[in-house]
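Both of the next two complexes hold chain A, though its partner changes from chain B to chain C.
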Partner chain A sequence: MTSPRLTLTRRAALRAGAMLPVLAAPRLLRAQPAAVKIGILQPLTGALAQDGDLGRLGATLAAEAINAAGGLKELGGARVELVVADARSNPEAAAQEVEKLQAEGVVAIVGGFASPICLAASQAAARYDLPYIVDVGVSDQITTRGLRNTFRFAPGFGTVTNTALANLVRLNTAGGRAAKTVVLVHEDGLFGSGLAKLMQTELPKLGFEVLETIAHPTPARDMSNVALRIRALNPDLVIPSSYYGEFVLLARTLRQQRIRPKGIYAVLNGAASNYRFVKEFPEAAEGVMDCNHWHDPRKEEAVALKKKVEADGRLWAYNVPLNYSCVKLVADAIENAGAADRGKVTEALAASNFRGHIMPYGPTKFINGQNQGAAPVNTQVQGGDIKVIFPESFADAKPIFPLQG
Partner chain B sequence: MYSPAIVAEAMVNGLMTGAAYALVALGLTLVYGVLHIVNFAHGALLTCAMFAVLGMEQGLGIGPYAAILPLGVLFFLLGYALQRYVIGPSSHGEDRNTLLVTLGISIVLENALLAAFRSDTRTLGGDMGFDVVELGPMLLSRPRLVGCAVALVVAALLWLLLARSDTGRAIRAVAKERFGAQVVGIDPRHIFAVTFGIGCACLAVAACLLLPTFYVNPRVGNAFVLVAFTIVVLGGMGSVVGALVGGLVIGVVESLGGLLLGESLGQLGIFLIFILVLLLRPTGLFGARA
Partner chain C sequence: MKPRDLLPLLLLLGALALTPLFASNLLLNFLVSALIIALGAQGWNLLGGYGGQLSFGHAALFGTGAYATAILQVKFGLNAWLAFACGIALAALAGWIIGYLSFRARLRGSYFALVTLAFAEVLRILANAADFTGGAAGLLIKLQPGLANFQFASRAGYLWAVLACILVVGLMTLWIDRGRFGAQLVAVRENEDAARALGVDVLATKLRAITLSGAITGAAGCLYAQNFLYLDASIAYGTWISVELLIAAIVGGLGTVLGPVIGALALHGLGEVTKGLLGWLTGIDLVLFGIILIAAVAFVPSGLVGALRRLRMRGAAR
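Entry: the complex of A and B
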């Protein structure tokens, strides 16, 4: 009889081996400066979870890239550590999570996605003078409250709609003024209604007749009636502003009902520049245009990142390059500040002149927290791919308009 | 305001949507009528079934219609086990416990799906959803027509099962008088589980019929469950015929309301009916007879 306690079993040896790195770790840690924590606040559960997940992916890839390149050099190669918080798709939860991130000692917060989340979270962060970088939230209220801690890297609502309208006019002029009548379809929340209202006042000034504005709830279970009304009105152009599921339903129903307007011109749409939609319904997606955030296809880093994301079997959407760029922007500001100090990082952000991002914006320049060079691009689904059609300086395809009926 | 052709087409659309609602409501009304519990996990179970349909198609290459039978059986067994081994034992004979347990199950299921499939909105690929049947000037979606027909068949089968089979008699006996049923040798725990299983099987069928024209994400079930509750109240708690008629009525009301008042206000009709039924006929259209 052997007592198992006295013999060195293989399992025990393995266990001891597993402990070795733990024992060795303190020495390694002592050799490196403390990691710098950046808070990532995204709606990871709830109605906006799809976008939150994409945002987290972009932020994670940025942190990996920074650490792989030797960390924050000005801080002796300190690693970037992300602290991920779940905004649960509502502003109250987002504000609570800011408190948690504050307690964790993050040096800045990146994210938010939806405007209401960004509004609440940046305000909560302002109480601790904690820099807050908005990744997407397009409401212009975000940057007009005079909060010193809040920075938006991407364009706001006003800039996006101005660009969208200007490009629409150019598109229509080049297409022989094919489009005269428009039907607006929008989700009935803050984002869709706001956009529709703006379009209703601006489009007539530009020579378009708005035949009808159709609001729908989110989630909508059926788009057949919307399609019926569009068929009865027979507009040249449909301008939808909805979230992903509803737009896909609408595009499928239009296709099924054989309704083919001369163009579908989406603004900040949840699906029109989404690869899942393009892959699952190539026929319904073909020719759909969108004015939205998009990465700069001229930048090698952007192209490489897109390849990497797709090779991992993940979707590429604008949330990824935006959050990737925002985390890199914060890292750059920390380097310029020379310390992981909130006050200094805020100053560094305000004075930032950052070129290392992958969006088509030029160096950052913040005025009242808004990045001045930020602008959307126009995309169109062509041949099962999403192509940039405006601005011409880096478009990789010519617009196809009007579509053949 | 709108041409009669459009109004007619909106009504047909409403009927087709209503048939799908009815299937979701069938399971709910059955579980309520027999177990006297409001099953909060109904939406999450529908979402599970929809993911199962997606998985069958993408993993095994079995289309949604071919999946009706295997998924129906699978979800019957799942529902049976859920009631027999989780919901039943944990209720300790109190209905309010059951409420909390089903609510808990819905939270667990929803988050498990979120963890497993992420939050992406997915759809069955292919052009199945674009098939139409031309009926005069109307273009009717073929998958939705099929859905409507299958929903009617399922409702009829369910009615037959309840009215003619021994299991059906036992289910009705337990629903009416639990103790009396026990006295004549019926095991209420078994019947409860069978009923819950049938409810889940209805959901599986509904999922197979919905997915060709709809999408799925971990929260999608909620979109149907609120409507299903309204239908159950309208049709009468526990009434199969009521759920079917209620579903069709609600579908048409929603569709016409959406056409005439706008999609956002179209929902108004549903809840107006809900309130009116509660005020004027609390037993629902077919409640008294069930």
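Entry: the complex of A and C
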């Protein structure tokens, strides 16, 4: 059998020639500068997929907002284009995705979510002097390694726990010192065990007695044993540090078994300030307190964004405003640098004084890559809504503590 | 060992060594990670493929190599090359200990598989809790590109380092395959009692295999640590690595010299291609990966190398 040979006839050549101007037309019509690519690295599959999705949502909304407002003005109205990469909830995949983003020619990377992902990905990005903006990862190691390319907009572990402990003491004093004994429940990864270790040393100094520290893996499928242990110990206060699924499970199990401590005081919890938890399990969520990232309710842009997200039937969680702000921060740095050049953007980030974000931080000021003004807030689930209880300057509710059993 | 036997191995590795001349960093990065798995799978194949001792816990060896390299560098300031050598030695020792404990207790088949899985899990939990491993925070090896630090500014350096290891292990496997030790291993795999009756020291043979296997898989762990510069307990001792190693060897072809390399490249390549084609559907590569794996195991039980061999034989018969 003979195969038909591919030949280029004169007619075909002419036809192709005639097509050329048509193909080129959109470019001519727009006459715009090339889009600036920003890499978005989030755990879109695996155990942290929900958080990754929320982070991507925030970043996408920021890019839409920037482009709708005329793009990057210093670059002749260049559009911001996001390149999304999936960190698959593990640091190895994250480091590989950085290579992909590098090949795509992004000018900076935003995201990571979990600390191990941030640690590995920012180091991988450092090989290429590629600016990396950590969205959530709280480990203090992230900004103490001396990597010039790594910036964290949100507060780190030290800041959050200091605030959390100070507010816990205030809360307890105002509540007539109702809480004396504590049980710590934590996931056995980086963030949970780090937090538990710190609480074990700090709480006794503040007059609390730590009855027991209970570790559990992520993911965990059953919390009955943890709940039974809590029932046996009967603490005044439970301090959980877990990701979303495990905390929801714990709170539900406590509720089902009618175990009611005087308060559940979470620090950097994956669920305690998450609307999905509040909507799906309002009874279990009621009264739960958290010290965590939260948007600034005084800022109109933040309130409008929250409304928009909720009107679209999407979930609002801290990942959204954090990633929204981080992408805007990068855009601001690119404008200040005057070019989509990595070296210049890194310098612009280091010198950044950005006010256009929607977090309660004040203008950005980076020292060793850490934003100095960044601070957490305390929230409490009250009447099916998440209310800010500290700091008082913009709190929209009074704390309810101790809870009535 | 005839020169003809060496040809496929040298051709494949030679072709891979030339990729930096034209390939992008992205492709090189993919090759480095796939080949690190291939190296580890070679280690698994020596024990599992030739010796028939199916281990579900090679992460114990991989992780020991990785952690040893990282800890010796980070905490004791040892030179990276020395740490690499120590990592291999320690992983071999770990292999010997696991082998001694389980083979002396005459654990075979699924019992051996389960006990290796348990060893890996215990090590994972210990590494997660201990302080000198960095606990759950993991270990970061400082980024200092330079030959003296076993870190390369370009991906090609890592590629060649991994390929060199694979070549050494490939030659060693070939030598074992054709030699007395290989025959003893296969005899143990096929029928332990018959092998013993023929005068094969079963325990010594198995111990030699698992020690060598530990050294090879440990080397893969060391290279992993040098390449990613970040380790935590669930990376180094996680179940994922045990599974990847045995799947690469099984899909490639059990008890063959080239099987693990071909298996790792094919599986990882497939994952990347599906991700590239259907990237908009998050996680689709993992779904397809699973389907192809089931199909491979169900329809090509002798692995890719076996399938190729059969095709060639059919061609020759015609």
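Definition applied: the second predicted complex is superposed on the first by the 375 of 405 C-alpha atoms of A that agree within 3 Å, B and C clash if a C-alpha of one lies under 4 Å from a C-alpha of the other, contacts with A are read in each partner's own complex, and residues count from 1 in each chain.
In the analysis below, contacts are C-beta pairs under 8 Å (C-beta built on N, C-alpha and C of every residue); 3 or more make two chains touch, one makes a residue touch a chain.
These numbers were taken from a predicted model, which means no experiment stands behind them.
Look at chain A after the overlay: chain B and chain C clash there.
By the touch criterion stated above, A:K205 is placed in contact with neither chain B nor chain C. Comparing chain B with chain C, the partner in contact with more residues of chain A is B. Once the two complexes are overlaid on the shared chain, A:D188 sits against chain B and chain C alike. Of the two partner chains, chain C is the only one that A:E92 touches; chain B does not reach it. In the superposition on chain A, A:T45 makes contact with both chain B and chain C. Of the two partner chains, neither chain B nor chain C is touched by A:R355.
Stretch 95-103 is the one among 23-31, 41-49, 77-85 or 95-103 where chain B clashes with chain C after the superposition on chain A.
The residues of chain A shared by its contacts with chain B and with chain C are 44-45, 188. Listing the residues of chain A that touch chain B in their complex gives 44-47, 49-50, 52-53, 188, 214-217, 219-222, 224-226, 228-229, 232, 244-245, 248-249, 252, 255-258, 276, 279-281, 283-284, 315. On the chain A side of its complex with chain C, the touching residues are 44-45, 86, 90-92, 95-96, 99-100, 102-103, 115-116, 119-120, 123-124, 126-127, 139, 141, 145, 147, 188-190, 192-194.
Note for the complex: chain B touches chain A at residues 2-3, 6, 9-10, 13, 17, 111, 114, 118-123, 125, 127, 129-132, 139, 141, 213-215, 217-220, 222-224, 227, 254-255, 258-259, 262-264, 266-267. Residue ranges of chain C in contact with chain A, taken from their complex: 24-26, 29-30, 33, 128-129, 135-138, 140, 143, 145, 153, 228-230, 232, 234-235, 240, 282-283, 286.
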